[in-house]
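In this document, chain identifiers A, B, C, D, E, F, G, H, I and J correspond to the written order of the chains, with residue numbering beginning at 1 in each.
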Amino acid sequence: MAIAQITQKLLTAKKEKGITFQELETILGRDEVWIASVFYRQATADESEAKKIIETLGLPSELAQELTIPPLKGSLEPVIPTDPLIYRFYEIMQVYGMPLKDVIQEKFGDGIMSAIDFTLDVEKIEDVKGDRVQVIMCGKFLPYKKW
Amino acid sequence: MAIAQITQKLLTAKKEKGITFQELETILGRDEVWIASVFYRQATADESEAKKIIETLGLPSELAQELTIPPLKGSLEPVIPTDPLIYRFYEIMQVYGMPLKDVIQEKFGDGIMSAIDFTLDVEKIEDVKGDRVQVIMCGKFLPYKKW
Amino acid sequence: MAIAQITQKLLTAKKEKGITFQELETILGRDEVWIASVFYRQATADESEAKKIIETLGLPSELAQELTIPPLKGSLEPVIPTDPLIYRFYEIMQVYGMPLKDVIQEKFGDGIMSAIDFTLDVEKIEDVKGDRVQVIMCGKFLPYKKW
Amino acid sequence: MAIAQITQKLLTAKKEKGITFQELETILGRDEVWIASVFYRQATADESEAKKIIETLGLPSELAQELTIPPLKGSLEPVIPTDPLIYRFYEIMQVYGMPLKDVIQEKFGDGIMSAIDFTLDVEKIEDVKGDRVQVIMCGKFLPYKKW
Amino acid sequence: MAIAQITQKLLTAKKEKGITFQELETILGRDEVWIASVFYRQATADESEAKKIIETLGLPSELAQELTIPPLKGSLEPVIPTDPLIYRFYEIMQVYGMPLKDVIQEKFGDGIMSAIDFTLDVEKIEDVKGDRVQVIMCGKFLPYKKW
Amino acid sequence: MAIAQITQKLLTAKKEKGITFQELETILGRDEVWIASVFYRQATADESEAKKIIETLGLPSELAQELTIPPLKGSLEPVIPTDPLIYRFYEIMQVYGMPLKDVIQEKFGDGIMSAIDFTLDVEKIEDVKGDRVQVIMCGKFLPYKKW
Amino acid sequence: MAIAQITQKLLTAKKEKGITFQELETILGRDEVWIASVFYRQATADESEAKKIIETLGLPSELAQELTIPPLKGSLEPVIPTDPLIYRFYEIMQVYGMPLKDVIQEKFGDGIMSAIDFTLDVEKIEDVKGDRVQVIMCGKFLPYKKW
Amino acid sequence: MAIAQITQKLLTAKKEKGITFQELETILGRDEVWIASVFYRQATADESEAKKIIETLGLPSELAQELTIPPLKGSLEPVIPTDPLIYRFYEIMQVYGMPLKDVIQEKFGDGIMSAIDFTLDVEKIEDVKGDRVQVIMCGKFLPYKKW
Amino acid sequence: MAIAQITQKLLTAKKEKGITFQELETILGRDEVWIASVFYRQATADESEAKKIIETLGLPSELAQELTIPPLKGSLEPVIPTDPLIYRFYEIMQVYGMPLKDVIQEKFGDGIMSAIDFTLDVEKIEDVKGDRVQVIMCGKFLPYKKW
Amino acid sequence: MAIAQITQKLLTAKKEKGITFQELETILGRDEVWIASVFYRQATADESEAKKIIETLGLPSELAQELTIPPLKGSLEPVIPTDPLIYRFYEIMQVYGMPLKDVIQEKFGDGIMSAIDFTLDVEKIEDVKGDRVQVIMCGKFLPYKKW
């Protein structure tokens, strides 16, 4: 995956400042995953959000504008990603895709969970047998329109 | 995706009996998504679970055994699935894969969310602007071992 | 593309009865493209629609039920289809994909045209220099949610 | 997708000048989608059109010539694009490709909708339940020649 | 490549009758390549052509109708064919694709050679140093429309 | 397709000099398609041909040598090209590959049309209903050797 | 790789009769590799060769004809074969392809080794350190034609 | 195929010096194909061989070391190469892979021809009907071990 | 992956008899992984081994012969397997492939670990924090031959 | 495979210093394969490990930090690697994947060998018939969770 130049600059500045995404969550009033998505040019900030990110990281203010342009999204390489953390989400889709489809359709009818009108949260669940990662996806159900 | 013969039989019997996955959840004491995974031969039932499923659906008891053999998992075709409901999970991985990776690693260090020591739930969130699908993934964090 | 058995039956019966999709449009009160999508198991009919289709084609009534189950959608083979008529839509996406993206985003902001809350019409535009095919796609604009 | 250098220059200048594709439509007397296609080197301008675009954007006049050379077209990467807005057009082809083929052939006989003698328009349809994107494709029907 | 059942029947009957495509050319008044395309369900015959083919081969008349339905075209497997005779055409496209593009565009402007309003002939050119295969493709030039 | 640096230089010089491939055909005594293939490093010129090309275009004479080295041929990207003009040749192979194979083998026996001992011409056929592109491929028939 | 039915019959009969390809070499006066290619429908026998093969194997004489039809050649699956013996030839091409190209072109000029006017032999070279497999490919050099 | 920088330097120097691989064969006492493989970083030279190559070509001596590091091998792009000379070896594998497998296994039992304990020679066989390229592969037979 | 018919029969009989691979190890005097490879037609048994397997499983003796024919090996589908257990071995190759290459070459020089003169063992290592799977691969080092 | 800049620096320094991975094993108290994985940015060092590596190699201390950031893992190109040493691990997975799965599941039940809680060792086993490479993989068994 070719990481955009601006992403590199944001990540480096964040590292140097020692700021976490969680701290940015407090500063911006937006979820840390969404903010990380802005970093990777997968989500679009408005001008005030972009400015706040750039200022917090101590970067030149002219960089803010780029974060406000709707990006070309989705760009993992190869198309089936090899990074183990990311691949597991592909595996979940492979193994649980059909069962998920049946359960969602049984509950909602023919349609999909939107990936646009959609939020994504990550929680750390502490557990003595080993902490757990909780990923919560929440998207509007979109029923197929008939015409 | 070539659907296994036993899956066809289970789905047909379930439809004819008019039983939902949610009702099976009550009968088996297992989550409906996990049960749907057994139907699609992506999860392994033990003998008593298999028997209960087969009996509830009124199918011949000799079918139970097949559900207890660890299956060959993951079998969507083509490798990037075209069904819109399932594809959205691929899209989420494409768009939010890198941000997720960064946020998880910031919270947990270098490692992954297990897709084996893992649970998956689907909830219907009622909303006047349109109901929402909530998918909750919860996997043990596995830190990379050094040696 | 492996065409489902029920699709074969519907197309054969339609041919033998000499009924067009346009005539089915009048009988069902649904657009001919949507009806063709039901034939190809890409759209889900409700029970009364399914019954009307089956009856009009003079097929055994027990076939109706299959048309009411949310189908596994999208199944062209290979993934870049070789049929010239269908390929042209792939070509349009290849050639005009980026311009379309920019124009839509200029008009609407960051988001997509829904392919679910969506209609599709085909019109014949008579023209002395050669008739024209008009394909009208109309989908709800879905703005990216921030969270 | 590697975006051509001239495309980058045109888009940056357009942004700096604060000009929309719709305003360029008025200035050039050509549709905004076609103009965006010239920007992305998917369509060829004639000399006067190229000059007008370059002048309007305040770019050096020697750039005009490049826009008049027939370009190498279609260059999304990967071959099944991951950007959600563009992917939806792939999905429409996957889901509705066969139904479209049947309806077009029922109306016109064996042949295709040209993607060359072809126009493409985008309209915003205001709607209280959410605005809609309308994409109108209009191509000459080309019947298969026999010989 | 899965060869359609009707293709198998036509080829077998042709072999048993000992009829060549060239003789069919005389009988039908259509080119042998086009007739071979009908055999492979890549071109559509009208009713009288279909009838003549079926009769000449001594096959049951009810087979004629299938030849009149616009077929799903293009079905070589894998997508880059391995048969040496067919592959050479892929190789010609790989090696001479860009030169052809430049020469055609220099002569005609921006546009394409139609593969629909198109004829294809094969000639045997006798030559003492070894006979030569001549393949003549002739398609209408389609200039890109501006709008 | 990454176009070789020398190709870029040749094309730019040709454009600036305002010379067509057809004029080069007269100067070199070689077909314009072959000359364009030399430009794209798909064919090898001998020293005198290389020199004439370089001189005609007014380029530095040391560039001539590169045109005399047998090139690495065939380099369209992606493997199924997306440029509409070039794609049509892929489509012709997909749709007419099997019929061509049968007709060639009926005329010549088991073997192939050489793509090496091979010529390729492009003609403009004027026609009131729209000019036509004629592409003539002529390759030696190579029968399979038995041993 | 789907093995043709006739191939299965030939291999089974050969096994039952306990005949080796080497013995068939003596009976037919053709090389064993070529004969094995006929078995796999990759080479075409003439009528007398086909008859001799069928008779030697004690198979019904009507099977002979199929061996005389030019076959659709090349059909390994997947396109990069996984069988270790066959894969090694792919690896040789990957590792030694460019060196081979340079050496052949240095010796012969721009052109190729024909895979049609071509023979292929396998020899067993006895060696105390372990026997060796010798594969001898011998194809006519085909120089690129200029035109 | 991205050719390594050192390969470029070696090939350029070889060209300028006017030395052939055959002459290097005499100088090094190694086969020309093996030497070409060192050039393309597919084989590893020892220090004295590397030094001799570098000296013969008049290149700076510090380049020698790179030729002694075991390289990352095999790097044709795309995975099915499009260069006609190299492709023919892929075609030979496709067409003759299964027959070769059967003949080798009949002669040797279950196992493979090594591509590591392996030599590769190219000979020019003069022939009045056209010179022939002979490629001799010779690898140790490796029988499958049982355990 | 299409599982061969004989594999199905062997697995079913093994299940019905309640025999484990470990027990077969004792009976045959061969490692359980090798025996499982014979079941999946990836390894070749000799006649006495084949007979013992067939007898132990109580299957008809004529099945034994098939197990003695060198099989077409390697047949996972898709080429990057989706089954989580098998995929992990692909992931290990992706993540640790280059480090392994460097360490092996540092210890042994330029060459490979044979996958033919090769054994593969699986051990269960009991551990209070969770049992561990140990996979031991042991292959002859094959140094690259120079020639 | 694009090798990261830092990897290049580490490998060059290691070569110049004449240090082996085995020596680094002694210095760091970590296995040589794990250290090589840090070099290739597939494993994450902690600060003290990173510092020790950088110091041992005599590199500027500011490079240490990069080795402590969780890397994007797995990046062989193409997805089925062509380097013979690495490919053999792919081949082992293809040939022995299913037998391994069955044996592991027979011993442990439904689950996988972790590739995260995982160690990897390489041993040289001296043998008069040729030294052997031993690769020992050892991962925690992860049973599928039910929920």
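Everything below uses one rule, namely that a residue touches a chain if its C-beta (ideal position, glycine included) is under 8 Å from a C-beta of that chain, and two chains touch if they have at least 3 such contacts.
Worth saying up front: this structure is predicted, and the values here are computed from it rather than measured.
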Which chain pair shares more contacting C-beta pairs: G-I, or A-C?
A-C
Rounded to a whole Å, what is the gap between the Cα centroids of chain H and chain J?
29
Centroid distance [mean C-alpha coordinates] between chain J and chain B, Å
32
Centre distance in Å when chain B and chain H are each reduced to the mean of their C-alpha atoms
50
Report the inter-centroid distance (CA atoms only) between chain E and chain F in whole Å.
22
Shared-interface residues of chain F (touching two or more other chains) are 1, 72-76, 79-84, 87, 91, 94-95, 101, 105, 111-112, 114-116, 118, 120, 142
Every touching pair of chains is listed here as A-B, A-C, A-D, A-I, A-J, B-C, B-D, B-I, B-J, C-D, C-E, C-F, D-E, D-F, E-F, E-G, E-H, F-G, F-H, G-H, G-I, G-J, H-I, H-J, I-J
What does chain G use to touch chain F in their complex?
30-31, 33-34, 43-44, 70, 72, 101, 105, 109-112, 114, 116-121, 142-147
Report the residues of chain H in contact with chain F in the complex, numbered from low to high.
1, 15, 78, 80-84, 87
What does chain J use to touch chain A in their complex?
69, 72-77, 79, 115-116
In the complex formed with chain E, which residues of chain F make contact?
1, 3, 20-22, 32-33, 36-37, 39-40, 42, 73-76, 79-81, 83-86, 88-108, 111-115, 118, 120, 122, 124-125, 127, 129-142
Along chain B, where are the residues that touch chain D in the complex?
80, 82, 84, 87, 91, 94-95
